[in-house]
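Alright, structures below, take your time with them.
Shared between the two complexes below is subunit A, which pairs with subunit B and subunit C, respectively.
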Partner chain A sequence: MTNKYNNVYLNLVATVVGPVEHNGPLSKRFDRFYEDMYMHEKTFESAEVHLMRESIDILKDKIGKKDRINLFIAGDLQNQITASCYSALKLNVPFLGVYSACASNVEGLIIASNLIDTKKVKNSIVSVSSHNMVSERQFRNPTEYGGPKPMSATFTATGAASAYLSSIKSEIRIESSTIGKVCDMEQNDANNMGACMAVAAANTIYKHLKDLKRDVNYYDLILTGDLGVYGKEILKEYMQKEYNIDLSRNYNDCGVLLYDRENQKEVQAGGSGPVCSALVIYGDIVPKLRNKDLKRVLYVATGALFSPTSIFQKENILSIAHAISMEVVE
Partner chain B sequence: MEKKLYEKIVMNHKPKEHRIKNAFVAFIIGGIVGLIGQGLLDLYTYYLNISTNDAAVFMIITLIFIASLFTALGFFDKMVNFARCGLIIPITGFAHSLTSAAIEFKREGYVTGLGANIFKLAGTVILYGIVSAYIFGIIRYFIMGGA
Partner chain C sequence: MTNKYNNVYLNLVATVVGPVEHNGPLSKRFDRFYEDMYMHEKTFESAEVHLMRESIDILKDKIGKKDRINLFIAGDLQNQITASCYSALKLNVPFLGVYSACASNVEGLIIASNLIDTKKVKNSIVSVSSHNMVSERQFRNPTEYGGPKPMSATFTATGAASAYLSSIKSEIRIESSTIGKVCDMEQNDANNMGACMAVAAANTIYKHLKDLKRDVNYYDLILTGDLGVYGKEILKEYMQKEYNIDLSRNYNDCGVLLYDRENQKEVQAGGSGPVCSALVIYGDIVPKLRNKDLKRVLYVATGALFSPTSIFQKENILSIAHAISMEVVE
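Up next is the complex of A and B:
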């Protein structure tokens, strides 16, 4: 499903990151960073809440007191998205929790854009967070166990990112969005999530271009969320073979951009997690849009839909991708 | 597109693991652990003047202690990541799995967290270790008459 918007703007963004992201190539683009994975908290779970709250606080400082926040939408990877709930408690405004794994950020942005465009709300904050250690212990082994992983595995990013959307005009416009479908290509390797999600990304990109009757070159840049370096190649080949769309010119992946894979060996195939794409988009792409270095960007966040239980029960890993198109206001 | 064709694309782009290098590293590190174990065994039998059987228990306790200590100090996971099966297969891996689970679940309380989850990884080893010991014990009894 593709929607066009007339009066939705991305006004402000805020990002907070952990140590590994801070040591990556986008180091200077983030608002705040932590050297330590605990962020002065007692558990990794509260550390993630701390990150999200902090990103919201930074965003609120940027917004100033001029507007009352109408709605808060957030998502994360913790069981029952608790990090978002605890952050919402502090913010104390109407709250919607969203989950589509690593595509949660775009899901939030789409919901906010729809509500703003139809004038149901004036503005909204959309936040996402993830924490490497929280995901490790939830989806894999205890954090201190550090069992070796294959090269195709991705590394959950640590951080939180918040965006302020409203109907007040700014440099960047949310132009349209596409809500993706759940896909299944009978992949079931949790250590090769790029392969699980590439098909969903392809499907959503194709649907978006077809619905809006656009050529792939309409966009200066198409960014997928967290396919990683191998998933990126799978997507390119699949797009070419299935839809005859050539992505070689203007396509990249946020998971690949967030880290320096040469010097940060621990990230394996690249970054993942809902915050991974949000950090790259808000940290790197939004400033480029503001400077008019880029004019039209399609942001396709990809999510692998599974639980530790479904993996052990040998179910396939499903995937989803949502897309949002951002344009510079001329 | 058919799922088989998709699988083909996935396989095209699947990175090749350095199996030979990993096996070599695991072989050398595992060998070093074995060497340390044998050294300790000789040391204990020689200096404490005890039987090899008793010394073996002492040696195992020492290795478990070292592995657990390194896990608790937070760098054994990095060593495991490098040495892989070289450190996971010996008794050090077993100790590491217990200690890491204990550290992990301490926050959820001593009963509902640590107590309930300490054998999360090691439980499999214990269960199937006992079961297979039982089966082989029976086989041995019938073939060798319990000798």
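Up next is the complex of A and C:
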């Protein structure tokens, strides 16, 4: 499902990261960082709430007092999206909780864009977070278990990212969006999510280009959410073979860009988690759009849909991808 | 956040229930029922997927082949809303996952209504499900534990409910909606969620009436989602005391209506779960609106926002309520 927008602007963004993200190549692009994983809290789960709340506080400082926030949309990987719910409590504005796993940020941006474009709301904050330790103990094994992982495993990013969207004109506009379908690659290895998600990304990119009758080279850059190095190659190959679309010129993956895989061996195939793509887009791509180093970017967040219970019960890991097109306002 | 709509109709609904719901007072109002909790599947989690998929299949039969489904919005209580994700796979249309706990149905209806009203989509299916055994083992204790519960505990309903909304005129229209804020009553007893949620319901009802400058008697009926008998009384008292609004004439709670508490002792204070309110609204209220026995109904779904982890970590249980106004088309 593809929609075009006329009056939606990505006005401001805010990011807070953990130590591994701070030690990566985008280190200086984030608003704040922590050198440990607790963020002055007693539990990792509370630390994630702390991160999301802080990214919202920084964003609100940037917004200033001129605008009353109309709506808050957020998602995260904690069971029952509790990081988002506790952040919504503090922000104290109408709240919609969303879940598309690591594609949650784009789901939130799409819902907000639709409401703003049609004047149902004037503005919205959209937030996501993830925390490596929270995800490890929730989705895989207790952190203390310490088992080695295969090279195809991705590393859940620690951090939070918030964006302020409104109908008030600024440098970057949300130009269009595509809501994806759920795919099943008959995969059930939670340590190889890039493979599961690559086809969802391919389907959404293809649908987006087809619906808008665009050539792949319309975009200066197409960025997937968190396929990692192996998923990225699968996507390129699949797009070529299935749709005859060549991604070799203008495509990259946020999971690959967030870390320096040479010197940060622990990240294995790259970053993941809902905040992974948001950190790269808001930290690195938004400034490049503002400087007009890039003019048209397609942001395709990818999510692996499963729970520990579904894995134990030998269900396949499903996947989804949602896309949003961002353009420089001339 | 309150919005009015001009072109959104609740065209068709479909419901499937488990044995306890089938034995309740609304028994004959549901499309299909099961006499056991497995629904021909091997696990309770798969049984819940089965229920949601079946409610969608029944709905699609009612829709017929005339309309292509544009969008699917769904939520449930399984970790990572897997029942919704596996149902989305089968339906194979663009999918948005939502989560507001037991208020998820109204969150979905609101997002769909906004998109339809502004012509971003022509139609949408909105689904929710819950399964007593899935919730018991996920949120509270393994079912086998068998500990007695306090009278304030509610009973998670088993079933699935799907609705088809579109811009095509039919008997019932979605007239307006109010998105709620997250509340904290400083409660942390997962066996007394009615008390947590009553204030969220009160705030949303008050905001809705105030934003639209309506008297409480504008509505023939105001129905909360799943406060249960005790939460219902708390809400009535709180509305009177805090806002001087008298709910004694036209208010009831879906959690109270779904079961016969005299003869179904196991339900304790009443029903809960995202499907609870959806079953009562679609099974009982929609036919009454079609017959014009009711003309204006405010449906206020309530959700308790927490996870087992947040309870173990002694965090408070938060709550939210979203409202949707349904009117007979004259």
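Just so we're on the same page, the second predicted complex is superposed on the first by the 330 of 330 C-alpha atoms of A that agree within 3 Å, B and C clash if a C-alpha of one lies under 4 Å from a C-alpha of the other, contacts with A are read in each partner's own complex, and residues count from 1 in each chain.
The rule we apply is simple: contacts are C-beta pairs under 8 Å (C-beta built on N, C-alpha and C of every residue); 3 or more make two chains touch, one makes a residue touch a chain.
These numbers were taken from a predicted model, which means no experiment stands behind them.
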Quiz item: Which partner does A:V199 reach: the first (subunit B), the second (subunit C), both, or neither?
Solution: first
Quiz prompt | subunit A residues touched - subunit C or subunit B, whichever exceeds | solution = C
Quiz item: Looking at the overlay, what does A:S152 touch: subunit B (first), subunit C (second), both, or neither?
Solution: first
Exercise. Based on the superposed arrangement, let me know which partner A:F306 touches: subunit B (first), subunit C (second), both, or neither?
Key: second
Practice problem: Go through the superposed model and pick first if A:E233 touches only subunit B, second if only subunit C, both, or neither. | Solution: first
Quiz item: Which partner does A:Y164 reach: the first (subunit B), the second (subunit C), both, or neither?
Solution: neither
Quiz item: In the superposed arrangement, does A:Y99 touch subunit B (first), subunit C (second), both or neither?
Solution: second
Exercise. May I ask you to decide whether A:T43 touches subunit B, subunit C, both, or neither, giving the answer as first, second, both or neither?
Key: both
Self-check item: Intersection of subunit A interface sets (partners subunit B, subunit C)
Solution: 42-43
Self-check item: Residue ranges of subunit A in contact with subunit B within the complex
Solution: 42-43, 137, 141-148, 150-152, 185-187, 192, 195, 199, 230-231, 233-234, 237-238, 241-242, 269
Quiz prompt | Residue ranges of subunit B in contact with subunit A within the complex | solution = 1, 3, 5-7, 9-10, 12-15, 17, 71, 74, 76-78, 80-81, 84, 88, 96-97, 99-101, 103-105, 107, 120-121
Self-check item: subunit C to subunit A touching residues, read off their complex
Solution: 1, 3, 42-43, 45-46, 70-71, 75, 77-82, 85-86, 88-89, 92-101, 107, 110-111, 114-115, 117-118, 120-121, 138, 178-184, 305-310, 313, 315, 318, 320
